[in-house]
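See the structures that follow.
Okay, so chain A shows up in both of these, paired with chain B first and chain C after.
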Partner chain A sequence: MSDLSPMRVVTALIAIAALIALPFLASGATLDIANQILLATIGAIALMLLTGFAGQISLGHAGLLAAGAFTAGILAQEIAAPFWIGIPAAALTGALLGVIFGLPSLRLRGIYLAVSTLALHFLVVYVGGEYETRRGFSTGILIDPPVVFGFEFWDPVAWYPVLLFVAVIVWLLARNLLRSRTGRAWAAIHDTEPVAAALGINVARTKLWAFVISSAITAMAGALFAYYRGFVSIEAFSLFVTIQYVAMIIIGGMGSLLGAVLGAAFVTVLPHAIEAASALLPSSGGLAGSIFAMNYAAFGLIMIAFLVFEPGGLVGILRRIGGKRGTR
Partner chain B sequence: MSELVVDKISLSFGGLQVLNEVSLSVAEGELLALIGPNGAGKTTVFNCISGLYRPTGAVRFRGQDIIGKKPHDVAALGIARTFQHGEVFARLNVADNLMAARHLAIGSNPLSEMLGLPGARRQERAHRAQIARILDLCDLTGLADTPVTDLPYGTQKLVGFARALALGPSLLLLDEPSAGLTREEREDLAYYILKTKAELGIAMIWIEHDMQMVADLADRIHVLDYGRSLADGPPGAVLNDPEVIKAYLGTV
Partner chain C sequence: MQLVANIIVLSAIYALISCGYVLIYRVSRVLNLAHGELMMVGAYLLLMTASFTSNPMVAIPVAAVLSLTMGALVYLLLMRRMTGESVLAAILTTIALGILLRGLIVIFFSAAHQYPAVPLGIHSSSVQVLPGARISSLSLILVVVTALVYASLFAFLRLSRWGLRMQAAGQNPLLAAQRGINLHAIYAMVWAISMFTGSVAGMLISLDAGLDQTLIMIGLKAFPAALVGGLDSLLGALIGSLIVAAAEVLLIQYVNPLLADVVPFLILIVMLVVRPWGLFGTREALDRV
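Up next, the complex of A and B:
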């Protein structure tokens, strides 16, 4: 499984060195992007578990991120709950919503399942919006930065090690799970449900666990996002966010944890890259307004290109370069 | 006493009667061959036993009616099966295909697995040791870490057989295990079936088209034709039954 070829060890060491050196070398703005990548990584791993491994389609990802962010925001606002309450509470909310998001999967599949999770997305967004207007926070909820032993986490430099730590932990938890009974059951139901069932796998329970675990991690990522930004607003959780996460796992490479990370980085950096590229163009003044549209268009094109030409995603490309079968 | 009794099961798919009062039984340690022309309803009988279809009539396992039970609950009683085309889990390697069939036996929960708690690790190790014995029985040890999709069809079907054994069944249903295998692979398969019978002493129902293999290995033969039980008895008698010969000559 984990073959330690010199090539892989060297690559891993370089990556680790770069991750440690980053906060000492990068500007605040660059570090902010790094932090966004780490947050996206957590969310993408969660979606990868559900879709890339257990084979369940969901368009509720933004709704679950919103649920986590709002749980943290509302608890901070209403009872001044600190982050060490807000984050577990968000994960718990996610787990409960996971059961609800997962129930339709027991009956529906494919496009029908996607639409039912979409309905739940709108439900969560509606509830969040209602809270905002009822309580008079029509522009969003402010959250104080987390404080640990008197140290305030408010700038990207302080957040970077925290988010890196959480992302690594989530990766390790996911990897452990995939190498155990639950991960094998996900692979089995992903391949064929009747065969899995005839071999003793409770298909319904296996699916529900996938939704529960994925949703808990997603909501936790949403809460981290809220604390990181210091602000929660329902506007931040549009359907485009869901599409971005689906793009991350497709572009990164379905059924691979590394794919989730690479996809998260790619999709997070893309708009910044487009912005930088368009600034280099001579008539950049006129383009400024259309950057947003360009971002959408580039995004769609790249996603289609991957689906058609490289269904294995970035991980598939890496594997071909390495000439080797990768691990999870 | 019979492990399994199939008692007059009937099943239709929208007007098409696929099974018509099929009755058969298999005893502990017995190898029952289930034969019949293509489309006779053999696989459908298996699907009824394993809870994928719901026929009328009764299917009793150790006296208990199991019709209406969920497939995973049927498996939990100790009924395992193979599938006509292998149907191995393409996303898993050979060892993990067998481990997937130990799902019921492994007692860990997702939280302990995620955290890599000692209990979960211990379970994982214990069950890996269990499947190592089955891999050995089927001469698959050298392929344990190979992705199943890299294997030839015949070996994939053998993995399907080993996977069913990994469940630790007391009744094993084999759906055309030899179809698509080379001469040599068939001989190996015959050896594994006999070895399973000798070492584990479990009841087996075995759908097979290779009459030579059936004549050599089966304790008893049950013949299906157009969804009906046509004959049942020892190989010598059944294979020389004019009705059976006619049913086969009609289609093959």
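Up next, the complex of A and C:
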């Protein structure tokens, strides 16, 4: 990260310029996809911290997103809370759930931990669904767009700078966290727990921290998603969402923040790309119904391809290309 | 009485599915989260064979043989490549496989609710099993098949040469390999058997209740049963299925029907907190993952 080769600086500048210019050039629909990428980036960074850096497997990511979205939705619905209460409240809920999600990790490792977070996912989804039916919002909860100084955030153009800002903040936060004592402790427990403990790291506390921080960020992303869509429904947080986030960090490349960003972009754009591609095909009438299915199939296939052939993910590919050029 | 009958049928379903999780985990220490999808594929194989022949005595065995073959192929073509990779990578590969299969099934068979029983001319009738309790005839068959499958699995693992080799591979792959046991053959076989038992469950369920993607959820709900009993114990899977099924039926009856999808996972969480290795599982299995 520290080497500032001209190549890297130029790439970074181009990326920044593109990010700033995007809202002036892109259409509303494109900007909506960009916003979805930014939201996914926030969630993917959170999962990357937990799985990619601290080495704790979680299959409860959709549950945490749902928890954040529902906290914001319920507060907006029940006490008409504005977003500046809703978002911190969601982060707080996430942090609390993080402790609960993290507790099994103190005793369990590997698949058992994966399974316990999976079980918690179903629990959160159940509670959300129960709330929807009890209160009579069987299709979902509506949330008014956030208002700041009389300005309503409702279209993708207004949201883009906000989400970009939050994503950048989360990225910087994650980067600095990884360089701190906590981040190094995560790396240590990722490698071997007994050695980490011997080095004087409080393994239990470090693990819980990883879960708390990751979950708080995830829930915040969930709340932002709720405000952005103006609508919360438990249908939007199926197990497939968890799988998508896990896929983001695999496809991007484990143990890399850039990987989280690339993975988020890849996974978000994929369904749109498939839709565009199938629209180009001549007899798309019969295919229209199975676009959803084609997404699933393509998604599974790509995930398998990365797991089997390129475990380093997109970042791994980038590094290899960089290595071939002889920059190293 | 009706409740007792319902519990027995549901636990038979869970038991028939969960032995697939146990077999694969016990022999190769891989958690197969695509089991629900593989089971669904088995049911769709029956739908496919049923479109060629209306004789169930042909269609069902052919579909069963196809599912055995497919199970072995899943290992040989995909899971074999994950040997030596991390636990996480192996689980994720099975998840990815599941997603792929879901998509492929909708592309080839459509997402509509279909009835393989119709072309085969199978009609389910209601049978009096206990005083005051009736179940469908196919449910009765399912209970009998589950009993048969478990009996033959126990016999196979304890008595046959290949069963003993499987046990050896599960206990210590390195030593097993040095004794001349072909690990890849063992693993391929266990994937085949696991998909076979899952497919039988899928076929019987779909003959009774029709067939669509909700079958995956049933497959996933059978997983807590396997874990409650202990992921490496067949007896545990049986007992675990009984516990999960009983809790599910009773809570749906007396508390809230919406609990149906969450009860198995609630039990799972309790079990993970109290005794993560399950009722009959070996404790050391925890450290090996």
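Here is the rule we use: the second predicted complex is superposed on the first by the 322 of 328 C-alpha atoms of A that agree within 3 Å, B and C clash if a C-alpha of one lies under 4 Å from a C-alpha of the other, contacts with A are read in each partner's own complex, and residues count from 1 in each chain.
Methods note: a contact is a pair of C-beta atoms (placed from the backbone, for glycine too) under 8 Å apart; a residue touches a chain by one contact, two chains touch by 3 or more.
Just so it is clear, the structure is predicted and the values come from calculations on it, not from any experiment.
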Legend entry - chain C versus chain B, contacts on chain A by residue: C
Legend entry - Contacts of A:291 with chain B and chain C, given as first, second, both or neither: neither
Inset, instruction - Look at A:236 in the shared chain and tell me whether it touches chain B only, chain C only, both, or neither; answer first, second, both or neither. - result: neither
Inset, instruction - Please indicate which partner A:213 is in contact with in the superposed arrangement: first for chain B, second for chain C, both, or neither. - result: first
Inset, instruction - Determine, under the contact definition given at the top, whether A:96 touches first (chain B), second (chain C), both, or neither. - result: neither
Inset, instruction - For A:142, decide between first (touching chain B), second (touching chain C), both and neither. - result: neither
Inset, instruction - Pick one for A:26: touches chain B only (first), chain C only (second), both, or neither. - result: neither
Legend entry - Touched partner set for A:114, first chain B, second chain C, both or neither: second
Inset, instruction - Considering only the touch criterion stated at the top, classify A:122 as touching first (chain B), second (chain C), both, or neither. - result: second
Legend entry - chain A-facing residues of chain B, complex: 50-52, 70-72, 74-76, 80-81, 83, 87, 89-92, 96, 99-101, 103-104, 106, 108, 110, 113-116, 120, 123-124, 145, 147, 163-164, 167
Legend entry - Footprint of chain C on chain A - complex, ascending: 51, 57, 103-104, 107-112, 114-116, 118-120, 122-123, 125-126, 129-130, 133, 240, 243, 246-247, 250, 289-290, 292-301, 303-304, 307-308, 311
Inset, instruction - Give every residue of chain C touching chain A within the complex, in rising order. - result: 31, 78, 81-82, 85, 87-89, 91-93, 95-107, 110-111, 223-224, 227, 258-259, 261-262, 265-266, 268-269, 272-273, 276, 286, 289
Legend entry - For the chain A and chain B complex, residues of the former touching the latter: 1, 173-174, 176-177, 180-185, 187-188, 190-192, 194-203, 209, 213, 255, 325
